[in-house]
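What follows are several structures.
Each of the two complexes below includes chain A, the first together with chain B, the second together with chain C.
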Partner chain A sequence: MDLLRAIFIDPFAQMIGSPDLLAQTIWEGFVGGVLYALIALGFVLIFKASGVFNFAQGIMMVFAALTLVGLHEKGVPAWVALILTIAVMYALAVGIERLVLRPLVNQPDIILFMATFGITYFLIGLGELVFGGNPKSMITKELFLPGGSIDLHIPGGRVQLQKLDIAAAAVALIMVAGLALFFQKTRIGRALRAVADDHQAALSVGISLNQIWVIVWFTAGVVALATGIFWGARSDVSFALQVVALKALPVLILGGLTSVPGAIVGGLIIGIGEKLGEFYWGPLLGGGIESWLAYIIALAFLLFRPQGLFGEKIIERI
Partner chain B sequence: MVSQTASPSPAPILDVLNIEVVYNAVALVLKGVSLNVPKGGVVALLGANGAGKTTTLKAISNLLRAERGEVTKGAIVFDGERIDRLSPNDLVRRGAIQVMEGRHCFGHLTIEENLLTGAFTRRDGRAAVMRDLEAVYATFPRLKERRSTQAGYASGGEQQMCAIGRAMMSRPKLILLDEPSMGLAPTVVEEIFEIVRDLNAREGVSFLLAEQNANIALRYASFGYILETGRVVLDGAAEALRSNEDVREFYLGVAQSGRRSFKRVKTYKRRKRWLA
Partner chain C sequence: MSGEILLSVDDVSLSFGGVRAIADVSFDIRKGEVRAIIGPNGAGKTSMLNVVNGFYHPQKGEITYRGRTRARMKPHEAAEQGIARTFQNVALFKGMTTLDNIMTGRSLRMKRNIFWQALRHGPALDEEIKHRRVCEEIIDFLQIEHIRKTPVGALPYGLQKRVELGRALAMEPELLLLDEPMAGMNLEEKEDMSRFIVEANRLRGATIALIEHDMGVVMDLSDRVVVLEYGRKIADGVPDMVKSDQKVIDAYLGAGR
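Our next item is the complex of A and B:
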């Protein structure tokens, strides 16, 4: 009886009792969720356009962040380093297209999936070789990212918002909006959606898959850089950071591999869900449930919606 | 019997010279196919299921590579240039585009977006593309009505129109049209073929159409090739083919006993081999 009470009543009573704590928890979950969503977005873009499940997405994030701070460490001014890092991500996209996708196109999906393992270890090796293996800290100040926090007064107390978190949410929002516009309104964006719909038909109208792949991997690389900057600012920049990329997996289970809105909403659900779980139910289990709760949330969702959140509308008619 | 060496016209836009196609590096599917399409002509490529019509068209448009197919022998000349090694992207730019069997519209894109993807390779500016979009809408008024419908929800006939319209947006000289009649009601098929004729006459676009429905194809084409298990077994002017005994019997289904059957096509093949 006591246990049931502790699970089903106490946490909610606590939430209502101190709404400021609840709001604080949700905000922190939201910011985490935004970053998960960005990582998942990278996966989805690549999967839709090239049919590849990119195991290297997490490493691309770390590699981008590492390149940025590493260049700065070597004396390059922050803004130049940022531009150079973007250039490196472009070179990476071109390299992957030339050396991995193009030769392996038409091979079974599993081969391409395995190839992304290769990319992963290549990036780890390259990163450590050039910039060293020790953790570095993100150059937030140099990039003019705000520090400190602001207090928001709400009925029942106040919520503390880190300015960095606000910046992360804002950047994520701008990126998602920018991508949506790009996909809907531009010639290349339209071609990208065409490729995602039907590779063969896209080829037949003269869309160059090679060009599209470069664009998509580059876009995913830039998204990875943004995510890497903000995750790196919360902890350190090191290859250990890639474990947060594993959080993208439950997000993908939840949102579906092919749905951009699914990645975003899935990311938010996982982010907020795990923070609430950790804060209100964690103590029951002795804490530390954040690391696996995400998977439980995703699996629970799957039970009720096997097609995922937005199970891509499959249009069936001949 | 019509002679194999008869060619439709001296100035071809497309010349396929004795090509062989192999899938997966083992399966020989085309065993020496030659054909040509005159500038401004409409040529039909006929044959039963699995004869190699689609393979021939994909060899020309080079969509074969994406299916692990390869032209291992012969040559393909389009507009005076060898094109065997060109990518579909290059080919579309030069004016040869395929409308695939089964239409393959982009299901989640609207009809209008589908049409615009056809202009992907063009570099002549937005205004010119928009003018051509209006021209396509003038040819296919139904597409204009449904411009903001997702193509996946359009009817079969509308999808076929969308696929042809999309190809027109690339300003082609030659359209390789694969099985336009597939799965469509006879009146719609008629409508589509009328449009093909119209585009041919008005815009001077040449067509190579692959069809199982020899009946209608030979009414709209001026020349035809009949393909069987990867070989051209017969060719000739459309009227000549329509009055040819063998063709009447096996492809037009107008022989004494009526419907053609696969079994009889097989015995026909055997007889052909013996004749050859």
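Our next item is the complex of A and C:
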């Protein structure tokens, strides 16, 4: 009885008892969720256009952030470093298309998947070689990202909002909304979806696969850079950061591998869910459930709705 | 039907490893005609179309299109040159709606750059509207208004074939390659499809190369017929002539082998 009470009654009583703590927890979960969503977005972009699950997305995030900070350390002004980093991500997209995707066109998906492992280790090596392996701190001030916090007064107490978190959420929302529109409503968006659907048919209407792949990998690179800046600002810029990219997996399962809105909703559910779980139910299990709760949620989803919340139902005629 | 020559295939050979798919085939397609390519299964008909629109590169021979002989052409370049096609086993974008599928056929004609498109404003929006209108006309023409917003993966086969034709027509092609447009259709659907093909040819001015197994359809629709068997050309001429050619009859009935 005590256990049931501790699971089903106490946490909710606690929530109602101190709404400020609840709001604070939800806000922190929200920010984490937004950042998960950004990472997931990078995966979705590439998966949509080339059917490849890009294992290197996590490391692309670290690599982008590292390039930005590393260039600044070498004396390049922050804004120039930002532009240079975007250029580097473009060069990376072109390189990957030329050297990896083009020779492997029409190979089974698993081969391309393995190739993204190769890209991962290449980027780790290159990053360490050029910028060293030590953790660096993100140049938030130089990029004019706000610091400090705002106190929000609500009935029953106050909630502290980091300005940086607000900026992260705003940037993420703008990016997601922009990309969703872009995919649905424009020629290139349509071409991206067409390539994802059927390579041969896409070629026959005059869509150049090579061009589309470069656009997609570049977009994923820019998204990775944005994610890297905000994750880097919350902790450090180091290779350990790629572990958070793993959290994108449950987000993807939840939202559906092919859905941009799915990535953001999935991200928010996972982000808020794990913070609430940790804060209210964590003590029952001795804490630390934040690190695995997301995977349990994803597993439950796989059982009942394998295409995710917004994923395309696979229609197969037999 | 004696227009100038739009496409000519000279001495083309294509093999995959040891298998010879096409052996020394030559023929031409004149502007404005409906040219049928027929032959038993495995005769190399689809391979021939794949050579024409650049999916395959022949080991030997030349292809001259619009007076220009080409070495190697990529499929998207062929599309830029006005060659559109449909596929034997329907290659549509299954997750996209009928309208979106047909709109992809316009992608080469939409030129606004990525920045305007990202904003979806100004010139890009005007362009989108203009092309949308063209697509709506094609949808009317093919009588598929009722499925405009349906994902094509959910449509019956006959309608998918129609959508695929629509996508090819949206490219306003000079040369339209149709690979078995009537395969698996019932009589009524075949009649509809024949009508669309004739109208695409007469009203929209597309030159058509057509692979088809239904001999009735082929004889009715086409101006000239080329017959392939085991990768070789065995006959070429007007339908009546081809129909009574002994080699063609043997190929189809398997006599004397």
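Basically, the second predicted complex is superposed on the first by the 306 of 318 C-alpha atoms of A that agree within 3 Å, B and C clash if a C-alpha of one lies under 4 Å from a C-alpha of the other, contacts with A are read in each partner's own complex, and residues count from 1 in each chain.
Note that in this section a contact is a pair of C-beta atoms (placed from the backbone, for glycine too) under 8 Å apart; a residue touches a chain by one contact, two chains touch by 3 or more.
Here the structure is a predicted model, which is why all the values come from computation and not from measurement.
Once the two complexes are overlaid through chain A, chain B and chain C clash, as defined at the top of the document. Of the two partner chains placed by superposition, only chain B is touched by A:Asn106; chain C is not.
Residue contacts after overlaying the shared chain place A:Gly178 against chain C, while chain B stays out of touching range. By the touch criterion defined above, A:Pro283 reaches neither chain B nor chain C. When the two complexes are overlaid on their common chain A, residue A:Arg187 makes contact with chain B and with chain C alike.
By the touch criterion stated above, A:Gly125 is placed in contact with neither chain B nor chain C.
When the two complexes are superposed, the chain touching more residues of chain A, out of chain B and chain C, is C. In the superposed pair of complexes, A:Ser208 makes contact with chain B and with chain C alike.
When both complexes are overlaid on chain A, the residue A:Gly133 reaches neither chain B nor chain C. Looking at chain A, you'll find residues 187, 190-191, 193-194, 196-198, 200-208, 315, 317 touch chain B in one structure and chain C in the other. Residue ranges of chain A in contact with chain B, taken from their complex: 105-106, 187, 190-191, 193-194, 196-208, 313, 315, 317-318. Residue ranges of chain A in contact with chain C, taken from their complex: 178, 181-182, 185-191, 193-194, 196-198, 200-209, 215, 258, 312, 315, 317.
Put simply, chain C touches chain A in their complex at residues 53, 55, 74-76, 79-80, 84-85, 87, 91-96, 100, 103-108, 110, 112, 114, 117-118, 120, 124, 128, 151, 153-154, 157, 167-168, 171. Residue ranges on chain B touching chain A, taken from their complex, read 61, 63, 65-68, 87-89, 91-93, 97-100, 104-109, 113-114, 116-118, 120-121, 150, 152-153, 156, 166-167, 170, 183.
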